[in-house]
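Below, subunit A partners subunit B and then partners subunit C, in two separate complexes.
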Partner chain A sequence: MNPCYYACYIVYKVIVYDIIFYPPVYQFLIIPGLITAIIIAIFIIWFERKAAAYVQMRYGPWEIAPKIGGATQLLADLTRYAMQEIITPQTVDTLQYLLAPIVMVVLALLPLEAVPLTSVKPYFPIPSGYSLLVAVAFTTLSPLFITMMGWASNNKFSITGSVRESFMITSYELISVLGLLTAAAMTRSYDLVKIVNLQMSGKWLGLINPIALFVVFIAVLMSTSGFPFEIPESESELVAGPFTEYSGLLYGLNMGGAYIRRWVFSILITLVFLGGWAPYRPTPGVITGYLIPSLIVSLKAVVIMGIMSFLRSVYGRYRLDQALGIAWEILIPLALLAFGIGLAEAYFGII
Partner chain B sequence: MEAGTASSGSGIHLPGMEIAKASKNRYEVMIGPAHPGSGHMRIFVEVDGDIMVKVDPDIGFVHRTMEKLAEGREWIQNIPLFERIAILDACNITLPYVRAVEKLLGIEAPERARYLRTLLCEINRVASHLYGMGIFGVFLGHSTLYMWAFGDREVFIDLAERLTGARLTHTYPVFGGVRRDIPDDFPEDARKATRYMRKRLNEYAKIFLNNPNIRSRLENVGVLTKNQAAELGLVGPNIRASGIRYDVRLNEPYEAYGDVDFEIPVFEEGDSLARAWARVEEVRQSLNIIDQVVTWLEKHPRENFMHEKFWKTAPKLYKDVYEGKISYSPKYRIKLMPIFASLKVPPGKSFARVEAGRGEIVYYVESNGDIFPYRVRVVSPSFRNVIAFKYVMPGHRLMDLPAIYGSFDYFPPAFDR
Partner chain C sequence: MPAKVSQKKNPKRNPLGKVFAGNIGALAVGLKYFFDPNRITLLYPHEYIKLNKGYRGFIVLIKEKCISCSSCARICPAAAMRMLSVKVYNEKLKKYMIKKYPVINYNRCIFCGLCVDVCPTEALYHVPYHDIVYENMNDMILSLEDFQKEPENIEFKEGIPVKYYFDERRGLVKTPYMEELEKRNEKEEKNQKVEGEGEKGAS
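What follows is the complex of A and B.
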């Protein structure tokens, strides 16, 4: 055999199997991690604008690429964000101010390290029997840094916005944790692989226990400032809330950060409630065992994100105390109810 | 500098210039003057936690000295000037000035002109209310209402353009009449527009006013009682939403309002939702008036739309086109009668008011027989409404500020003049 060819083959194998499809790298950076998250954010923001434009009887993004409906608009916007000067006002706490958005985005992606995207053993990023618990715990990290941004910005609008954000965090986290852990009560397992495997027969947990799915859906909207809970950065009161002082790439990170968090939550919802890679049964091999199931999961998550984005054209925003009232007085009892239903279903063997 | 001495305590208080004593738990937020939700004004808001305890609207950022400017311009030149008070309500805003000067001149517009003025006034009122509703929508984060209202406003701006030749600054009512008559196919267009708008108003109610999300934001927020509204001297749809039946069109009918059939929607609740509904119902009444006026215009012959005194001096081309001897073509420029250029108004004082989109607007005009006015005083509706912020907002949460602010349909250029 030609030694050169052999060397190339080795390099190819190393790149494909040991780097690209090495689970921590693959899931954190490629699918459904950073690269896919950015592509999805670009697509979803475009979709959000296009869908709103359709409802509002206008064109939406169009001018930049008329043949594909202005789909590359967000690329142009991102380029602009990347090229803009990052202004650091004199009155801010520089280190926290610069660090907070970056840490926020990185931590937002962290839950993807915990979730398995296939049932084939070698492709688990962190082999663990408690992957659901770990992933849910990781999702609670990044919002803290939004609060930090507001504090570091040293601006009244920013601080007001970040105080609102902290109110929202305290209310939605309990709901989302309760809602997602309902799955654990139903399946008697914290292992996402087991949870998904139980749904293979078509009995998706979201269909069996729709209240839990609904509760988590609303909690995700709250956590990522989706309408009607776009409260921390409500433009007509707080300019841009915690992000008021940011400019350039850091502002772009902030804006993208919400979508990345929404994306991560959508992946979790897909795995827990919508059957993950359900109709498909992964078989050993990189393509059939890892790429295809991860694509299926991503596709389902995109649908969830699309539904969340569409709400923008229907609702205005709630007042902060109304949103908190909804969370504490309606959603938490509902989450507990869903938990009870889940337990009952597990007890009577419906799962 | 005088401002320096003022801040050191000579008794003059410039808002924002004095040093206030800091109090515990109080937080001062300044909304504006360069703020996405403020318009060209500033609101000092003192919050205690999330509750507003003191709200002080500070106006004057777009003051253009219109009253003084008017003293250096000829009578007719002031009409385009006063349009700039509230550019999207141009006919209503300039009409009382025209009427006040007509009183001094001792003339009255012919009947057809009165109907034509009424027509444009109502078209403007619809456009103005739609503008207000759009801004209200964007304040509450409801971008769909914003886009719908601004898109549908275009229909009425187009109508105004077909009628007057200009989208916003029409300068349509002039002393003794109006500038021109309606085009032949105008009634059809107007009816199409009113039909369309009636249908759309129901859709507005579906997506905005009856949307549970928006209702919970507006119900029992910013309640203005009947007594309070009367004491503060507010005007327009805002007091009619508080149960006061006051409308200049009703109390002191001018132009053709005595002859057309319409109702004044009155609501008892006095909250932000009632103020929003009052506007929607008013738009509906305006559409009825437009239909009636257009039918009247169609039935009656195209007799004079300008007072005889001025019509006599019209150029020959103007008369020929009007009488149908020459068919109209865009190449002919419509000119005003030359007599307007050196019009001298007899000495005297006069006063006129009309109901503009945002409420009653009052002009006081004084002449000393010169080609310029001696004094023009304007009291615009937004100027009278803005004081309500100070008394209605305290006690509400900071997030209620846009809900109340938008519901009053403020328009900063109108209160700064």
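What follows is the complex of A and C.
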């Protein structure tokens, strides 16, 4: 055998199997991780603008590429953000000010490390019997840094925004955690692989217990401050909430961070309530066992993201007190009800 | 017999109905427009609204009809129109005479149309468009030659004429104005034919 060919083969094997498909790298950076999340964020922002325009009798982004509906508009915007100067005001707490958005984005991606995307054993990033619990715990980390951003910015708008953010997080994270852990009550397991395998027969937990799915859906919509519910960074009241002092790429990170959080939550919802890689049964091998199931999960998550961003065009904004009222008066009782229903279904053996 | 007054049942009266009817109604309307969009934005340089004949746009002079009565200049509320003295050769008397013609200053004009109304011989008329760009303020004071030409409108050549109308079911609707397009296509075909013949003759 030609030695050069052999060396190339080894390098190819190392790159593909030991770097790209090494589960922690693959899940953090490639398919549900950073690269896919950025592509999805670009697509979803375009879709959101386009859908809102359709509903409100407008055209949306159009002029830059009329044949594909202005889809390259977001690339232009992204380039503009990347080229802009990053200004650090004199009065801010520099270290926290610069670190907070970066840490926020990294921590927002962290739950993907705990989530298994296939039922084949060697492809778990963190093999654990408590993957649902770990993933849900990780999702609650990154909002703390939004609060920190507001504090470090030393600005009235930022502090008001971050206080609102902490209000929203305390109420809506509780709901989403309760709703996601309903699955544990229903299946008597914290293991996401076991939860997905139970849904293989077509009995998706979202169909058996739709109230839990509904509650988690609304909680995610509110806690990631998607567009109609952007109570922390409300543009009409506070300039940009916690992100007022940021500019350039750091501001882009902040805006992307919200979409990345939403993306991670939609992957969790897919795995817990919508059957994960359900119609497909993974078999050993990199492509059939890892690539295809992760693509199926991503596709389902994109559909959830699409529905969430469509709601922007229909609903109006809520005030802070209205949002908190909905959370504590309607959604938490509903979440407890869903938990009770899940327990009852587990007790009577429906699942 | 008088018409019966009947009150519609409002499903939003009780709180549960409020939640369901309000949300589902809003989602249904949103989905309806998402799958069957009714877009009414005017894509301005690519489309333009075809305006009616009576529209008070730019003003054009027909020099042959003008009798130099100068009532247009006198009635102009913004003093945009002035009379210009021009030497004209009179064929009956066989000598040069001084005659007055109106010229307009679009810096001052408010497009009220009084000059067009007052003209006894209908020597002035409006064109049905008003969106023309001048590069500087001096260009907006027209000379007598420019005042006789219809100003050029680029959208008329490139854009699609559009009209709005109220549909019973869909509300305000935008459609292309087909008659105008057909007219323009015929003109273009004629021009192409003329050019083709000219080329043939030349060759």
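One rule holds for everything that comes next: the second predicted complex is superposed on the first by the 349 of 351 C-alpha atoms of A that agree within 3 Å, B and C clash if a C-alpha of one lies under 4 Å from a C-alpha of the other, contacts with A are read in each partner's own complex, and residues count from 1 in each chain.
Heads up, the rule we're going with is that a residue touches a chain if its C-beta (ideal position, glycine included) is under 8 Å from a C-beta of that chain, and two chains touch if they have at least 3 such contacts.
Every value quoted in this text rests on a predicted model; they were computed, and no experiment measured them.
Asks: When the two structures are superposed on subunit A, do subunit B and subunit C clash or fit side by side?
Replies: When both complexes are placed onto subunit A, subunit B and subunit C end up clashing with one another.
Asks: Applying the touch criterion given at the start, work out whether A:43 contacts subunit B, subunit C, both or neither, answering first, second, both or neither.
Replies: neither
Asks: Is A:54 touching the first partner subunit B, the second partner subunit C, both, or neither of them?
Replies: second
Asks: Could you say whether A:322 touches subunit B, subunit C, both of them, or neither, answering first, second, both or neither?
Replies: first
Asks: Between subunit B and subunit C, whom does A:156 touch in the aligned arrangement: first, second, both, or neither?
Replies: The first partner, subunit B, only.
Asks: Have a look at where A:228 lands relative to subunit B and subunit C in the superposition and call it first, second, both or neither.
Replies: It touches subunit B, and subunit C stays clear.
Asks: For A:22, decide between first (touching subunit B), second (touching subunit C), both and neither.
Replies: Touch status of A:22: no partner.
Asks: Return the chain, subunit B or subunit C, that is in touch with more residues of subunit A.
Replies: Answer, by number of touched residues of subunit A: B.
Asks: Looking at the overlay, does A:313 come into contact with subunit B only (first), subunit C only (second), both, or neither?
Replies: both
Asks: Between the stretches 81-89, 99-107 or 117-125, which region of subunit C is in steric conflict with subunit B after the superposition?
Replies: The stretch that clashes with subunit B is 117-125.
Asks: Which subunit A residues contact subunit B in one complex and subunit C in the other?
Replies: Common to the two interfaces on subunit A: residues 55-58, 313-315.
Asks: Note which residues of subunit A are touching subunit B in the complex, please.
Replies: For subunit A paired with subunit B, touching residues are 52, 55-58, 156-157, 160, 227-228, 230-231, 234-237, 239, 312-322.
Asks: Would you pull the subunit C residues touching subunit A in the complex into a rising list?
Replies: For subunit C paired with subunit A, touching residues are 26-27, 29-30, 33-34, 37-41, 43.
Asks: Subunit C touches which residues of subunit A in the complex?
Replies: Touching subunit C: residues 51, 53-59, 62, 310, 313-315 of subunit A.
Asks: Enumerate the contact residues on subunit B facing subunit A in the complex.
Replies: Contacts found on subunit B: 27, 29, 31, 35-37, 50, 137-144, 147-148, 151, 207-208, 211, 213-214, 216-217, 397-403.
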